[in-house]
Amino acid sequence: MASSTETDTDPAGYPTGRLGYDQGRSIGIQLAALVGFVLVWWAGALVTPQNLLPQPPAVLEVLVADVSSGLVFELTVQSLRHYVPGLLVGSAFGMAVGVLVGWSETVDLSVGTVASILRPVPPLAWIPFAIIWFGLNDSGAAFIIGIVAFWINYYNAESGVRGVDQQLLEVGQSLGTKTDLGLIRRVVLPSALPDLFTGFRTAAGQAWMVMVAAELLGVPGIGKHLWDAANFLQMQVVIAYMLVIGVLFLASDRLIKLLEARMLAWR
Amino acid sequence: LNLGGGSSPDSLTLGTLNVFPMMQYFVIDQQGWYDDLGPDITVQTFGGGPPLVQAYASGNIDFAYVGISPGLVAIANGVSSKVVAANVLEPNVMVGSQEFRSYWTDHGADAFEQFRADKGRKPKFATLPAGSTPDVFLRYWITEVLGLSLDVVEILGQSPSALQSTLSTGNADAGSAIEPVPTLLKENPDSDMQPFKYAGEIMPGQPGAVLQPSQRLLDENPGLVQELVNIHVRATSFIHENRTAAAEMASEVIGSDILTTDVATKAINSPASNFISNPKRIVDKSLVYNDFHQQLGSVDTDLAESDVFDHSYYEEASSGE
Amino acid sequence: MTPNHSSTENDPDGEPTGTDTHADAATGETPQIAVADVSKTFQTDRGPVEAITDVTFDVARGEFVSIVGPSGSGKSTAFRIIAGLETPTDGAVHVDGTRVTEPGPDRGMVFQDDALFPWRTVAGNVRYGLEEVGAPEGFSVDERVQYCLELVGLTDKADAYPKELSGGQRQRVGIARALAVDPPILLMDEPFGSVDARTRTTLHRELLDIWAATRKTICFVTHDIEEAVYLSDRIVVFSDAPGTVRDVVTVDLDRPRDRTGDAFTDIKARVLSYFEDEPG
Amino acid sequence: MASSTETDTDPAGYPTGRLGYDQGRSIGIQLAALVGFVLVWWAGALVTPQNLLPQPPAVLEVLVADVSSGLVFELTVQSLRHYVPGLLVGSAFGMAVGVLVGWSETVDLSVGTVASILRPVPPLAWIPFAIIWFGLNDSGAAFIIGIVAFWINYYNAESGVRGVDQQLLEVGQSLGTKTDLGLIRRVVLPSALPDLFTGFRTAAGQAWMVMVAAELLGVPGIGKHLWDAANFLQMQVVIAYMLVIGVLFLASDRLIKLLEARMLAWR
Amino acid sequence: MTPNHSSTENDPDGEPTGTDTHADAATGETPQIAVADVSKTFQTDRGPVEAITDVTFDVARGEFVSIVGPSGSGKSTAFRIIAGLETPTDGAVHVDGTRVTEPGPDRGMVFQDDALFPWRTVAGNVRYGLEEVGAPEGFSVDERVQYCLELVGLTDKADAYPKELSGGQRQRVGIARALAVDPPILLMDEPFGSVDARTRTTLHRELLDIWAATRKTICFVTHDIEEAVYLSDRIVVFSDAPGTVRDVVTVDLDRPRDRTGDAFTDIKARVLSYFEDEPG
């Protein structure tokens, strides 16, 4: 629906003038929110033991030091070495299985049943299997991340496929798409693409968190560094690297959103 | 008896871990010895040292049975508390695969370089995360005892459960562990991982777990702390006199489906199960731990004996015997 | 073959498709579409809803038959059963002597509510079927798309997405899409419902031209009696709900028909009479 | 779309006979899938060190022992004491905030911005705050579970609200619903209800996993028992309790599905 | 007030609503709906699409005005702007002298594609507006729902959900829902598009009865010229895209009108002539 604002008092100047005002307001609110957040944190830190919730400057100090020493980037690269393959492979499998389960009752009854047993296994409980099957390396950590990516994509793909408009399938069939594979490829996948994207975006976000847990395995990266700092009660380091993960999360999220906007232009 | 003042609080919170070196606590719990104290004791069993220390720092805990390493980290970070009794002496064990052990037998300290030369990679040592009791023990062995650089090994600091899996699947060449892991490895027919060096040979006087009350409790209720130490000393004696019974108690507290009496009994008879009470016996090496924490770069407080220990309670408790 | 209800096996006790023939007793010839004693009851939370009861009619090869009836009389239900989208509770539909069990490109469909692929442009929607079964003889795929868009007057919207179209434009894309693959049978459910009078007249003419040229069999659902009389060879008149066949009216007029002529008006009045003498 | 099966050879017997056959087939496939799963596990266990992947009988033994001793039920009750409040409170907050963020640009810019910083904080990193704010009790564990439930419900509610049919809002306004609150209550919430349910179901499942992690805090329950077992490498216990969590997961999932089917009868 | 675009503040530089009056120069009287120089251009990926250009017309209090035009000529766009659902790129619409900025219960709307609340039953949909603004005088809410359902002939479907209705039934629910709150103005966008002839004739009669009794102002979009001539006082004729007003035809016939009478046919022919002499 159109907004209730009136614009014809200055029709010529409207588009840019208005945009400028809106953008300014939007950035203003965002900045205010961020400042408010830091202030709340700071106030909280003043009434909390410093070694549990450090004040913002202590965290900033760590960040400055580790950025200038390059440690942040080194750890990020180490983490990406299992984050990226884990996310991609896990998501691909999850989408594939989810689409099949959503599509075919037989697959749902068989694979879906086994899935509902395995689903509640906590990611961390997979660690022993990661060690047995993949060893103490990036593959092992990627496996744990992949497990989480798998489930999220699986469920989104499944519900996306179940939500496909019946009539579009009917049209596809009436226009000569005979095989299940054809219908999946030409009707189901394009229809479910928004859900697939939602799943992938959620998984990409969740994967950052699991990465932290997966590095309990002993694989170096941001998460490992974070754990070590926590063991030494160095909460300013912990929070500094939580912020780093936050930035990485935002970056990956934007990237996927951009891709999504491109591929879902028809919406 | 030390009857130093302070009114007795209604309840106290004990923070502890379900690990073997907490044997004194298992005995006290099973014997119901805390029931005779004035206050109710609420027990919080944590999944690991770090959350325990965080809880300690938040002021939610009155006294702890905790590993010396996290205990020291807490003190260095301003968590006011003192070690008043020790649990165990020289609990760490070096385990190694058949292959690494033969390198060790043949080459001694040169085993690392030799291994690397033959295999094209450094030997992998699995242990708990950096700064933990077994981790510092490993670092001490390599640098102080063998006089080598840490470069000769690849250290894998892992969560406890990951460490168990790693050692029993042979995904590392060796590792630093505490009971009952060495016993479990010995029992395991699929694993060729065996103990090859005990802490007594590497780090005489190595500390393990300790009894560590908060400074507030010490200040306000020294009498109560004295009671706790008395009970602790009694538990240590009980362990020495009734090893099998103590093992059964450990199994009972941790869960008999998790730690079977059989394994517990074997573990308590291991050379690494040297239960003590006297905190003086671990002072030297505890300060070495503090040095390593500083070296690891995450602690900047140099602790002295008086910052960490208060021996008076143990002296009082043992003087009665 | 629905999401999660895909069942590609044949029912063990069903008739094998493609073998049984259903001869029309009346003409002695096999009609292209034979609807025999078809009933459909929907199960709802508030009990069963009878949509059509004992519907029987035929459509001969190359014939143009319309179904008319009031709103809710089961026209769309009958359409869906012929298309193979709905299983009748009773009775059966045969196309070319073969029992209808699923939709197929031999029966092009145009729906009452446009069912365009939202992720494809107008041209992409029209191209869909061509990508499956190829362009009809004498056309390249692109030519065919172009031709069909011209037919419905939407050449300038070729690259627009469905959400950018008006209601009538969307429906015209649906028609172009069904025509593109040149199916022998066209099933249309109120295809011109949201099309304006002028475009509708044009499309009527085009549809009749296409029909004359290709001798397609057309089964056309509408509530517009004039439209039915203008287009059809025969009109199947549905009663009020639950739908039954009240009559099959033959429109024996030459084409092009004069909408204002007497014969035309008479037939229109005759069909209309079925509705006026009903109660309610 | 109707299935392609033909039924008129025996029209009278169709409804019940067909249903019986379908149900039988469906249960058959599910059973076969379960048996297949156990066999794969067993085969895997034969080639894997027993203390990493125990064989089914060892796990069964633990289950039998702990069911007859009542330990399973005791642990379940302990876990439910933080699972249920954590899930409910976290979900309620998540839905409320998600709906507001999806609805209002201003809330999106302010709350949404802060959310995108806090979102990637791993649930485990909240443990220190859980300890400070709630102490070492069920509330602390419930807080961790609540955090996870919050995020999942937040994102589902947000995307549900963004997906509300524009035209229905227009109709609501034209019929006299003037206020934002009115539109939310009467149009947005009913429209987004399917998404809210999806969020809640996902959260209920995820919460079982987080519960395991939250009990690292020292709060007793299934997760705590599982950790102890893992630390002592008693994988038969770990797997036994993973199965227990699986059963609890299935039970909660069915319950929510049932509720959903009732409340979304209009679909 | 869209998801994520809610903006309850008034634009600082906008005119305050409810104060400015827009006098109609021609009649000296304030028309109920005044559409002045309205243009609308949609921005799409493939460049701007001009939907309507410089559209100007009035609807007097109690008048029945139809907008007719071919598919894609911008009828729905004009309707949405009057309803306050779309902001014009240029020009403005005033209702009762107040600039239109958002929809409201003074303007009941019936959409081209039924926009029923899927989670409400038929009766629940009709009840929606009554729950907001109460039943009109002389009715209880339940009576009003019952009355409106009778009006559109759907009493027996009161407890059905929208998905269980036929296309025409759904549209009738939409009409009943808009009528229920008894708004002074009714805006209807091809409301009878999927309704069969008989029901449509009934609804025409009912609509005129309601209009006569309540003196509602009605703005009615249709592509059916006969319908427009039968119902309206005046007909606004849109040109082909982009829509402009080609003429405003006054239908000066007494009601009830005879659809076959000469005067009727003349006016119909006059409106039709605007489309026939156009190219394409």
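Per-chain numbering from 1; labels A, B, C, D and E assigned in written order.
Keep in mind that, in the parts below, a residue touches a chain if its C-beta (ideal position, glycine included) is under 8 Å from a C-beta of that chain, and two chains touch if they have at least 3 such contacts.
Chain by chain, the UniProt names read as follows: A, D = ABC transporter permease; C, E = ABC transporter ATP-binding protein.
Quick caveat, the model's predicted, so the values are computed rather than measured.
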Message: Hop distance check: chain A (ABC transporter permease) to chain C, minimum number of steps through touching chains?
response: 1
Message: Relative to chain C, which chain's C-alpha centre is the most remote?
response: B
- request: Could you please state the distance in Å, as a whole number, between where the Cα atoms of chain B are centred and where those of chain C are centred?
  value: 82
Task: Using mean C-alpha positions as chain centres, tell me how far chain A (ABC transporter permease) is from chain D (ABC transporter permease) in Å, no decimals.
output: 18
Statement: chain C and chain E have mean C-alpha positions lying a whole-number Å distance apart equal to 31
Query: So how far apart, in whole Å, are chain C and chain D (ABC transporter permease) when each is placed at the average of its C-alpha atoms?
result: 46
Message: Quick check: what residues of chain C touch more than one other chain, meaning two or more?
response: 1-2, 5, 7, 85, 102-103, 113
Query: Which positions in chain B touch two or more other chains at once?
result: 54, 58, 161, 165, 169
- line: Multi-partner residues in chain A (ABC transporter permease) (2 or more other chains touched) are 1, 52, 105-106, 128, 132, 166, 169-170, 173, 265
Query: Which bits of chain E are touching chain C when the two form their complex?
result: 42, 44, 46, 49, 68-73, 76, 112-113, 153, 159-160, 164-169, 172, 190, 193-200, 223-225, 272, 275-276, 280
- prompt: Which of the residues in chain D (ABC transporter permease) end up touching chain A (ABC transporter permease) in this complex?
  reply: 1, 26, 29-30, 32-34, 36-37, 48-49, 52-53, 105-106, 109-111, 113-114, 116-125, 128-129, 132, 155, 159, 166, 169-170, 173, 198, 202, 205, 208-210, 212-213, 223, 226, 230, 235, 238, 242-243, 245-246, 248-250, 253
- line: In the complex, chain A (ABC transporter permease) touches chain C at residues 101-106, 108, 161-162, 164-178, 180, 182-183, 186-188, 190-191, 193, 264-267
Statement: In the complex, chain B touches chain D (ABC transporter permease) at residues 13, 15, 18-19, 44-48, 51-52, 54-55, 58, 60-61, 160-161, 164-165, 168-169, 180-181, 184, 188, 190-191, 254-255, 257-259
Field: Sites on chain D (ABC transporter permease) touched by chain B in the complex
entry: 49-52, 62, 65-66, 71, 127-128, 131-132, 135-136, 215-218, 220, 224-225, 227-234, 237
